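I have a structure I would like to understand better, so I am pasting it below and will then ask my questions one at a time.
Naming follows writing order (A, B, C, D and E), and every chain is counted from residue 1.
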Amino acid sequence: MNQTLEAVPQNWYLILSTLLFCIGVIGVLFRRNAIIILMCIELMLNSVNLLLVAFSAYAGNNDGQVFVFFIMVVAAAEVAVGLALLMSIYRNIASTDINVLNKLKW
Amino acid sequence: MMTIYILLLPLLASLIALAAGNKFASRLALFFSAAELLLTVYAYIIFTKEGYAPFAIQHAWISSPSISINMGVDGLSLLMVILTNLISPLIILSAFNRNIENASRYFALILFMQFAMLGVFISFDGLLYYIFWELALIPIYFIALNWGGKNRVAVTLKFFIYTLAGSLLMLVGFIYLYWKNPNHTFNWHELSALTNVCSCDQSWLFWLIFIAFAIKIPIVPFHTWQADTYSESPTQGTMLLSGIMLKMGIYSLFRWLLPIVPAGVAQWGPLALTLCIIGVVYASVIAIMQGDLKRLLAYSSLSHVGLIAAGVFVLNSSGMQGAAVQMLAHAINVVGLFYCADIIINRTGTSNLYLLGGIRNVAPRFNTLFMIVVLGSVALPLTNAFIGEFLLLFGVYTYNTWLAVFAGLTIILGAVYMLRMFQITMLGNTSEHTAQFNDLSINESIVLGTIAILIFVTGIYPKPIIELVQPTLEVILNKALIK
Amino acid sequence: MNNLLQDTALIFPALLIPLFPLIGFMVNGVFGKYLPKQITGWLASLAILGSFICAAYLFLNMNKGSNINIDMFEWISFAHIQIGFGFLIDPLTLIMLLVITGIGFLIHLYSISYMHEDEGFTRFFTYLNMFVFFMLLLVMGNNYLVMFIGWEGVGLCSYLLIGFWFKNNAYNNAAKKAFIMNRIGDLGFLLGMFFMLFYFGSLNYDVVANEAAKLGINNSLITITTILLFVGASGKSAQIPLYTWLPDAMAGPTPVSALIHAATMVTAGIYMIVRSNVLFALSPITLEVILIVGILTSVMAAIIGLLQNDIKKVLAYSTVSQLGLMFCALGMGAFSSGMFHVVTHAFFKALLFLGSGSVIHALHGEQDIRNMGGLAKYTKVTFYTFFIGSLAISGIFPFAGFFSKDEILAHAFQENIVVWIILTTSSLITAFYMFRLVYLTFFNEFRGTEDVKKHIHESPALMTIPLVVLTILSVIGGFMGLPEGLGFTHAFGNFLSEVTAPSLPYLKQHQHLSHATEIGLMIFAVVAALSMIVWARIKYVKNKELPAADESLTGLNKIISNKFYVDEFYNNIIVKPITVLSDLFLVLIDKLIIDLAVNATAWVVSATGKTLRLLQNGNTGFYVFAMVIGMIVLLLIRVIL
Amino acid sequence: MSTLLYTSLLGLCCMLAEVLNLRKLLVPLVIIGLSFIFWVNFQEWNTPSDLTIGPVSLANMVMFDHFSIAFSGLAIIIAILLFILSANYYSNEEKNLSDYLSILIFALVGALVMFSFANLAMLFLGIEILSISIYIMAGSRRFDKRSNESGFKYFLMGAFASGFLLFGIALVYGAAGSFEFSKITQYLNSSDIHPMFHTGVLLILFALLFKVSAVPFHFWSPDVYEGAPVLITAFMSTLVKVAAFGAIYRLFNTAFVGIIPFTEPILYAVIIATLFVSNAIALQQQNVKRMLAYSGISHAGYMLIAILSMINKTDDALYFYSVSYAIATIGLFALVISTFKSNMSEQFEAFNGLSKKNPFAAAAITIFLLSMAGIPPLAGFFGKYNLFSEAVSAGYINLVIIAVINSAISIYYYFKMILAMYTKPADEKPLVITGSYWTVAVICLLLTIIIGVVPDSLMQLLR
Amino acid sequence: MSFYLFVILSVLTLCSAFAVVLAKNPMYSVLSLIVCFFTVAGHYVLLNAQFLAIVHIIVYAGAIMVLFLFVVMLLNLNSETEPHKDNMLKVAAVITGGLLFVVLIASIKATELGTFSLPQKSNLGYVEEVGKKLFTDYLLPFEISSVLFLSAMIGSVVLAKKEK
């Protein structure tokens, strides 16, 4: 589908990804539920993936695509660890609200 | 090698004293400091015969940044070494018969301090010098902290941070010079011969370096740590501080300021000089109304060292030699004064002047020696301080007549506060605090007696001191003036 | 060769002169407490006697024109300047030596008896010997710095002896005041030395004189130098404005007043100026200043003396007044006349003080003349000697004071008639209050308590012998200087001419007064003085007037009696401001400004920490927010830059 | 290369040890293994390691030079010292011991990767391996709410920062067209650089600054340090920090060559903010771990100076500082852990009167603190000295003056601890310091002094 | 054709992303995220990364999102239990995010990127090519990521296992 590359300027992908990234960031800032925040971080990672794939396609080398694999790997590992942490927290405080997690301060 | 022996003996002694346990520490410390003094005398003899050469040590230490163990003893250094090693036994002896907790640590720290200060005086490598300079701060801090008065925690911390801040700035200045030096070393001889540091740079370098010394000396307005620290430290600590440590500052003016940034000195020296002289009068005036013995002495010392520092900045041989002579004189006198204060405070339990009085009635021997020390500090002729003050005031006079008049007020004001102090503590009728005052014990007599003898000997025949430092000071003066 | 031998023969005794008192001081100072009391007193006295003998030996054996100069060692040196430590003995020194050791010895003797009950007996003699030592150093030094050693040394001894009875804080304050006022003068002296050292490169008398002469007359440099030296002299010799310490100095034991505060130390200022006569002669302005100060001091002190009721205070003000007179002489360039008066004054003032000591001794410490009276019959020797002393000070022919005073007045007459009038007045006032003193003390009935009266007794021989010797000196002392104008040879002036001669070319030269004028002046002075004495007699013996109680004084009397409130004035313009300033510095500048600045730095850091710490609120959401904002800011820095 | 391999294997073995029931011997074995790896690591100092697996060359992924070997050596030493501590620390949690140890060894693998990467992918993986391991360890006290909170906060913010790291990497990739360092340098040398590249670099830098906890990315560190188990706090404050600095230096030194002037104002601002904020807040702390966290932040500020003045090749200065900082911190922690334990408190009060209870421990703590404060002639002094010297040489004298002032401020909070030890009255609770803590403390003490007195060989290592 | 596809997909992506952020119920967030992932996969296909698109769906939608879903349901989260920030903070969050976007774009200065020459290899995203790359150049990261997985695995077990 080479037409995509001709039809869509690369910058659009850049802007799209950046926008997506920023939406992820907004999500992290916006929500208090730790799970949703985790999901928003996934959103950020996805925007990066999209960007990498786009660059990869436009530049004609697939390093970016390979890199996406690693990001996926890491994302999966992070999610596993993160959710495990979340579970153990939930056991203790029965909440996923990050505002409750403020015993450590000052 | 001589230099190394002189340097390391106190360190060794410090470790031995630490290991010796509380019982023997004091005697061992005294023994070693006496041995050190003998060694110094020997060194003096060699120096008069063979000069600088046998003392120079140049040994690689760190290759890059290039820092070497570059030590030596020239006339000025030797004077400072003599000063240190002369005062140290007195300080140690003065701690005898005092009930000191953890004596072994106490004496070990004093000896360690001696070691560090000797290092300052004999280092000819900037960074080595700096290391010793900082190192000297640690023992005195702990001496004051562990054996000090009620307020010691806050006061000593202020002292420590204050002085450290200053010296760190000096370090920055040194580093800058290091890079300016084409050979990239801290070697004093090279740094003092640099020609590529423009006066614009020297202008701020001067302040970076000067502030460190100004805090240590201290020069008004960098002095506010002083009175508190002096009055909170244990006596030996105060003696170390006032007797030797502040001389580090003045010595450093000679060694590490004048020849290193001569253009900076030319630009800012007058201001520094003015500060010094303002300090002389300022501190004297404050001392006049002080009601606390140690604080009074602290301000008096502030006034005296202000004049000494002024002698450095007048940049003439009279002033500089006066400063050198007066460093020794002031060390002897101020140690004597603080020791007398200690004796009084120790026996009466108070340093409040207004609770004292009439000690002369019950302790004539103490009175005589105290009187001599007081006379020494008011610079009566035939005492050591007179020579110094004469040369200093003449130096200032040579620089500027009006400054000399102003600085000369010290001989009036000095008499005012010293005699006032003497009168209030010693004369009149005894108070309830002083009625049971015992006269001096043997070790106290020895310390004060030695000090009294030193006061007269150096006052009547100061020529050896002057001759000792003259060549070095000429060199420094030339370096400070030529560029 | 011969010369050399002779020199060694002279150098040795010359060196012994200061050595004896030094040894006496050291032996008494170190071992005094192990020796019996009397021995220490005698030891001290003998030391001075030894010095006196040596001085006399020198006086007899020294050839005219051959001074003894002994360079002992190099003392202070820097750059090209070297200041040695050495002695110079010339006629001026010799005169001073004889006066110091001679009168010193007599006073030592007197003190053995006077002080015998005092617990500080040994200490007293130790100090006295030390004083003599420093005084000798002062006059023997061959440069200004050695003089300065003695100068400050005698100041110290004065301090120690004024505060001899150290339990009394009033005495201690007096001692401190003396020392500090002297120090003020010393600063002037020191600065004067700096000028000499800087411009002449030396402090040796001869070098300074030679170099100064090269600069010529009326050079401002010399004027400044001499003014500064004069400040030093006025401190030591109690001239306006630095005279207030001397009356207070009477707190010391009476022999001390006699020796230090009358005969020797206070004349050091005059000695110094005579020593630097070339310098002073080169500066007419300074001489004017000295003259004015001398006149003012002389008159003012005399006036204050009129209303003093403490026997020693009267003598003290009279001393100040006489010193003023001497300075007038110097101010007129009559250096040898000044010196002459120094010597005669030493005789009769020492006599008067010792006499007063004897009176006080007899009355067990009573010093207020209102409580005395009629002592003539109880203490004959004291009375007669004191009476002769008073005649001498009043300038009655043929006693010592007459000649020296007359010489000065004659100079004044030549110089300026106004000066002469003032000085004569002052001298008449002197005659009046001296005899007021004599009459109130020795005549009429005793006014003290019965208890005291019972114990009145003449002093022992050891005290009266010095009185007698001094009386003899007061009588014949004047013949050293018979006026030249009347065809006599002025022995004193001749002897001193070697010292004063170099300054002659720079001084105004007056024609000699005619014999008639001179004699007329003399007669006038004597008659006037006698009339003053008579008036005093009428007032105090015949009419039995008594000085009023201090509280009842009013108007001018009150002001005079309170010494013109000078002390209060000084207190208000110097002492109090310094006290205030001291607190101001400490509280305002030290604590409030400097320390506050230091502490404020710490406080600001700490407060910043406290505030910033609140950001660390434990809320992850906030942290993320902060991070993002931080990134935005940092990126903005990049975008903008 | 073999270092990486062996360490990974050691981690695996450690896991297996659980199965083989070797718990008792586990710690000694791990230490022996690490010591061996340390030896192996320096074997490659002069002999370039074989970078092939079969026919595949790894040269564009990793690069083992002196820098990476030296830093790897440091990381291994840190790990060894901390593992010695762990024997006692985890003595009542034997069940999980092998898990914990293997996770920590994997963290070490991550650190090793961060020293030797030659490709942004490796960088990313290294960071993530290290971070994820530490997230886990920070939260490893499952029933301790503070530990939970600590772990989760770290995780959440770490993942968030990773997002920025990746976005930056993507932008760099987009501009340079590759993740390989050689290609990136080629790109930097060849043509005019697209602004996207710079933005990418900055975003990567931010993520790394987050790892070293520089202001304004520092917020996690005090909380996490405080909540995490002490041993892990020690791990974070030493290994993680050193690894992150190694990575930053390597990245900017070998990949983004010449980009430092571009980041100058940002680094400048960050350094100043870091120094002031950390020191100012540290003054207010009552909790020792938090204080150490802030002190760690300020040390990060100093170390960033080395990055800023990189045109001078400051790796030796950075290395020296890392070494001195790490040994002082570990030594401190060794003694602090015991004190915490015996007092059941992590406040300054726990140290009251320590000089009377145990003068040697007090003296050792004092020396560690003095070294951190940069008092000569301890190791920390030369660490600071080198940094300042390089910065002055690079022309950042104003910055150095600011750093120096902060150095003076830092005295205050270091001395707070010293004051507690020397001036406060002692309480009754005895202080028990077991063998392994002593061992580590003494080793660190000796190193601190020896490196201070004869710093030359260490300084020359990277020259 | 592909342009319109791009636009549609992009809009979908962004809308679903916003839905993730804004949804009251966590469950809806999860579902929107899944939608978002599918649209991103669509972009991959557009960009010739077919293999990656598949993997993406498998890993994200199939594994990760299931995990999320699982947890959300396990913890029984719903819109009632959902904590919300103040509106102020929400506005601030949006503004901050917007600012970040602006700053990022500004610093990227999104001008035309370097030209690329067509035709590109269209098989770039095939399994073959990607696999080749992964097992040659990227062999080491591939191996190393196993360490990551190991660590994460042990960690998850340690953290989540129920004990005591």
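Things worth noting here:
Following the convention adopted for this analysis, a contact is a pair of C-beta atoms (placed from the backbone, for glycine too) under 8 Å apart; a residue touches a chain by one contact, two chains touch by 3 or more.
In this text the structure is predicted, and so the values were computed from the model without any measurement.
Steps from subunit B to subunit E, taking the shortest chain of touch contacts, total 2.
The most centrally placed chain, judged by C-alpha centroids, is B. By number of C-beta pairs in contact, the leading pair of chains is A-E.
For the pair subunit A and subunit D, the distance between C-alpha centroids works out to 27 Å.
Rounded to a whole number, the gap between the C-alpha centres of subunit A and subunit E is 5 angstrom. In terms of their C-alpha centroids, the spacing between subunit A and subunit C amounts to 98 Å. If you average the CA atoms of subunit D and of subunit E, the two centres end up 31 Å from each other. Among the residues of subunit C, those in touch with two or more other chains are 613, 616, 618, 620-621, 624-625, 628-629, 631, 635, 638.
Counting partner chains per residue, subunit D shows two or more touched chains at residues 121, 125, 128, 132, 135-136, 139, 142-143, 151, 153, 156, 160, 171, 174, 196, 198-199, 202, 222-223, 284, 409. Under the contact definition stated at the top, not a single residue of subunit B touches 2 or more other chains. Every pair of chains that touch is listed here: A-C, A-D, A-E, B-C, B-D, C-D, C-E, D-E. Of all residues in subunit D, only 4, 8, 11-12, 15, 53, 56, 58, 60-62, 96, 99-100, 102-103, 106-107, 109-110, 113, 119, 121-122, 125-126, 128-129, 132-133, 135-136, 139-140, 142-143, 151, 171, 174, 194-196, 198-199, 202 touch subunit E in the complex they form. Every residue of subunit C that touches subunit A in the complex is listed here, in rising order: 613-614, 616-621, 624-625, 628.
Taken in their complex, subunit B has these residues touching subunit D: 61-65, 127, 130-131, 134-135, 137-138, 142, 145-146, 152-153, 157, 160-161, 164-165, 168-169, 171-172, 175-176, 178-179, 208. Put simply, subunit C touches subunit E in their complex at residues 621, 625, 628-629, 631-632, 635-636, 638-639.
On subunit E, the positions that touch subunit C within their shared complex are 85, 89, 92-93, 96-97, 99-100, 103-104, 106-107.
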